[in-house]
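Shared between the two complexes below is chain A, which has chain B as its partner in the first and chain C in the second.
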Partner chain A sequence: MIDSLYIAWKYLSFNKVKTATLIGCILLIAFLPIALELLLNESEEQLLSRAVSTPLVVGAKGSSLDLVMNTLYYGEEVPELITMEAAQQVAMSGLALPIPMYVRFRARGHPIVGTTLDYLDFRGLQVSKGQSLALLGDCIVGAAAAEALQLKPGDSLVSSPENLFDLAGVYPLKMKVVGILGKSHTSDDLAVFVDLKTAWIIQGLLHGHEDLSKAKDPQVILKQEEKNIVGSAKVYEYTEITEDNIESFHFHGDPGIYPITAVMVVPRDDKSETILRGRYLSKEESHQIVKPEEVIDTLLQNIFRIKNVLDAVISVVGLATVLALLLVFALSLRLRQREMQTIFRLGCRRMTIARLVAAEILIIVLFSAILCMGLVLVVNHYASDLVRMLFIR
Partner chain B sequence: MHALKLPMVSRIVWILLLMCIFLPGTCSLSFAEKKAEEKLIIYTVNYPLKYFAERIAGREAQVEFPAPPGMDPAFWMPDAGTIAGYQGADLILLNGAAYAKWIPRVTLPQFRQVNTSAGFKDHYIKIDEAVTHSHGLGGEHSHSGTAFTTWIDFSLAARQAFTIMDALSRKRPDLRDTFLGNYQVLEKELLALDEEIKKMVSKNPDRPLVASHPVYQYFARRYGLHIESVMWEPDEVPTEKQWAELRYGLEGHPAKWMIWEGEPAAASVERLKSMGVGSIVFDPCGNTPENGDFMSVMRKNVENLKPAFQ
Partner chain C sequence: MIHISQLKFHYPSGDFQLAISDFSIVKGERVAVIGPSGSGKTTLLNLIAGIITPVQGTVNVDTIEVSGLNDTRRRDFRITSIGFVFQEFELLDYLNVMDNILHPFRITGALALNREVRARSEKLAEEMGIRDKLKRFANDLSHGEKQRAAICRALLPHPRLILADEATGNLDPVNKTRILDLLFRSVEEHDATLLAVTHDHELLKRFDRVVDFQNFQAGESP
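Moving on to the complex of A and B:
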């Protein structure tokens, strides 16, 4: 058998291109369904574990999938905005802890999550370096985001403008990185967390500027009335919050009606959850309450329906490839007719020839299997990152 | 002494084990019980709220008010370490009415904050003198326009105390009766002070008064006092310009008494006396008093006020 393997090896190494092509074909046919299965399992696990750990989400009526994807996985699709009144309403009910979320802005490609400290407690997120949020303009960065952006406590991070062409829009805010979160292996690793008020500063709802009653430049004042000073567009709004200017930051209007994207709701018990869900059933109600687990479950069912189609496609392609491989081997045997005759004339039995061909197939399949295993191990190792990068981001 | 015999020891161990199985409370406390036994950590933004919380919660809470002595808590800015203390609290008691200007500028757990004056926010007093401004799309707004010394209207103080009682009861429903009982005692004392001032003022309701600082708005509204304010500091002797302003003010508002936030400088008292104006100390007690507590300071304030209405 060793002789057959040796001769087969010599033959295969002489016909490198043919061998590589055959190995590639088998590798792809074996690797694709396994990798797909791995990634789908990982995405199912990731999506479900986060959805299961988030009891309820309140948001504007509309796509529940957009709402959940934005609130849980910081998806780029921003759901219709609601106001802080929705969170107050939950708090007033006494049935649950509301955690307002404002996931709308980005900083160098990473989502800025405006929320309260309750969120960090709820998710069990710990600051591994630096400290937690304390002042306006502070931000704490997820482990993966910090690594990607090479940030450490004390560095700065500038928010990205929502629209590149909005020249008259709000200036980007230079945030101070005060802490880096420990790895949680969830979407939180890729996010930048700020206080809700800081998110409102990014939007321009809360801002700081020089005291207009003490302004030295007359051009910054448009109109001065008895008890009101109207500022002109020349009023410079601070783009960084420092010890010197923090006192000038103020709200415009009632913060109770400031925008958020969703409220994460943590009910006290099952009964409270049922009562709370019942309160959002009315047709007149402008908000919806969703159970992320149910939304993600529906999404996964769709994904698995797509997976079934993909499996069928891969099976057909696989079958075609196997047939092609058989054809390649059959043609190869025909081309090697003279070679076979020579072996036969040298006194070898037909069985020896069959053993030689079998050894060639064995070597090709073995190589494909080793490579496939290697690739599967790589995919398995990076599955969680790949899933976040490909599906969840 | 005989050493304890082995069978005896094993019998004791067995009895202890059985006790552990059938009487779990005697050996270890369940998680819930431990939680229930833990004291609530409460942080406040001024001393009156600390006093109310301590009176209502009794031994069930640890109440902290970390502002350094001598600092006006309304305009104090805590450092990062102190903010972390507030962040770790079970309850953060706010005065509301734009008190503690630092609150909007820091990150605190949103729903652990309790605005003790939210129940009467429609009755906040707006300060007319504050200049407002507007720019951009936000419209007109003011940076400082609400009077905040709510607790020296003792009826409002009682309402703030009620909010504290309610918040504590939500945190520890099992202790609601204790909190309610303690609150009722405190409420009685506050309303007794309220009644006493009303009676005192009724003897001479039209008497004009002048205050060294504009912090008595709620006090004046509740008890129908006619108070005009200047901007003097008790420990600083006013400038000639400030004296001139006072003289001018007294022409239209002939006050015979000036109410001070703290003990005034002797020179100021003497000069006021020469103008026929007596000095009274009514300490709003925003920060922890050097001596006594909130109630004793307020009782002393009421005593100090009496000559003005005789």
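Moving on to the complex of A and C:
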């Protein structure tokens, strides 16, 4: 058999293009379904584990999937906004701990998650370098985001404008990186966490500017009525929060009507959960309460329905490829008739000729299998990142 | 060594027919076969080698009736007992010269490929003047070099019978003499028999016997 393998190897290495094509075909047919299975399993695991660990989410009525994807996985689709009042209602009920979430802005492609320190406790997120959020303008960065953006405590990170062409839109805010989170292998690794108030500063709802009563330039004052001073558009708004200007940051209006995207709700017990869910059933209620596990379960059912179709398509393509490969081998043997004739004329047995062809097929299949295994290992290694990149972001 | 009796052969298509009533070659004999193209010289070699089988009659090599063997045994007999130099050389283009020469040893368990055989193949290539071409692929060789490589492949297993179909046809006079010397020496050293088809009348005087192939056509004994 060694001699047959040797001759087969010589033939295959001499006909490199043909060999590479055959290996490529077999590799694709073997690799695609395995990779798909791996990625789907990983996505199922990632989606479900996070969904299961999040009891309830309150948000605006509308797509429950958008709400869950934005709140749990920081998807780019921003659900209709609700106000802080929704969180206050949950708190006042005494049935659950509300964790307000404001996931709307981005910094260099990474989601900025405006929340409270309760969120870090709830998810068990630990700061591995630096310290936790303390002041306005502070941010802590997920492990993968820090690695991608090459950030460390003490660096700064500027929020991205929502729309490049909106000149009247929010100013980018230069945030101070005070800590880096340890790896959690969830969407939190890719996020930038700020206090809710910092998220509102990014939106411009909470802002800081020079003291108008001490302004030297008269053009910055539009109108002055006793103690009430109205500034003009010339008033300089701070785009970075420093020790010198932090005192100048202030709200306008009632913080209760400030926007958030969702409230993560952690009920005290099963009974509290049931009562809370019942309170959102009314048609007049402008909010919905969803159980992420149920939403993701529905999503997965749809994904697996699509996967079944994909499996069928891959099976048909695979069968067609196998038939094409058989045809290629058959045609190849016809083309090699002269060579086979030579081997026969030398006195080679039929069985040996069959063994030579089998050795060629074996080598091709072996190489395809090795390459396939290598690729599967690579996909397996990067599966969680790939899933986040392909399915969740 | 070779005995052909009442042989008749024709290809499934075409008018060609070969009929030999009685033909013998004794062991150690060096026989040249001459005749016009299409007279059946190559067919005779193929019949003796068992590549094709007669419609009627028998072909015996030593005590073996080649025409009576089944396909597998004929193949085994051919690879172990016959060194065939084909008219078109029939080297495999994906093997280098060394691998082509050693090829018969790799496609049968009856011939053992060992260090001694490898050394012998190098020596044979040296004698043929292609020692420096052993790593080259067959397609990179000249016509004459291919022919010499094909002869090396035929002689390496020390066959009992050497069938050479135009073995010196494409060679210059120096190489013709060199190769014929080598074929004759191989016959002497290994107690073999040589049956060579040739068109080269200058070389005929060196053979023990010359068979004019025209005679077979009438079914006569040469």
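FYI, the second predicted complex is superposed on the first by the 392 of 393 C-alpha atoms of A that agree within 3 Å, B and C clash if a C-alpha of one lies under 4 Å from a C-alpha of the other, contacts with A are read in each partner's own complex, and residues count from 1 in each chain.
Rule of thumb we're sticking to: a contact is a pair of C-beta atoms (placed from the backbone, for glycine too) under 8 Å apart; a residue touches a chain by one contact, two chains touch by 3 or more.
This is a predicted model, so every value here is computed, not measured.
Asks: Look at A:250 in the shared chain and tell me whether it touches chain B only, chain C only, both, or neither; answer first, second, both or neither.
Replies: First partner only.
Asks: A:293 in the overlay: touching chain B, chain C, both, or neither? Say first, second, both or neither.
Replies: After superposing on A, A:293 lies clear of both chain B and chain C.
Asks: Does chain C touch more residues of chain A than chain B does, or is it the other way round?
Replies: More residues of chain A are touched by B.
Asks: Tell me which partner A:197 touches in the superposition: chain B (first), chain C (second), both or neither.
Replies: After superposition on chain A, A:197 lies in contact with chain B alone.
Asks: In the overlaid three-chain picture, which partner chain does A:116 touch, first (chain B) or second (chain C), both, or neither?
Replies: The first partner, chain B, only.
Asks: Just to be sure I read the superposition right, which of the two partners does A:97 touch: chain B = first, chain C = second, or both, or neither?
Replies: first
Asks: Give one of first, second, both or neither to describe whether A:134 is in contact with chain B, with chain C, with both, or with none.
Replies: first
Asks: What part of chain C is in contact with chain A in the complex they form?
Replies: Chain C residues touching chain A: 49, 51, 71-72, 75-80, 82, 84, 86, 90, 92-95, 99, 103-108, 113, 137.
Asks: So in the complex, the part of chain B that touches chain A is made up of which residues?
Replies: 80, 83-84, 87, 101, 104-112, 128, 131-136, 138-141, 143, 170
Asks: Where on chain A does chain B make contact in their complex?
Replies: 87, 91, 94, 97-98, 100, 116-118, 121, 131-136, 138, 195-197, 204-205, 209, 211-213, 222, 227-233, 235, 246-247, 249-253, 255
Asks: Hey, which residues of chain A end up touching chain C in the complex?
Replies: Going through chain A, the ones touching chain C are 3-4, 6-7, 10-11, 14-15, 339, 341-350, 352, 356.
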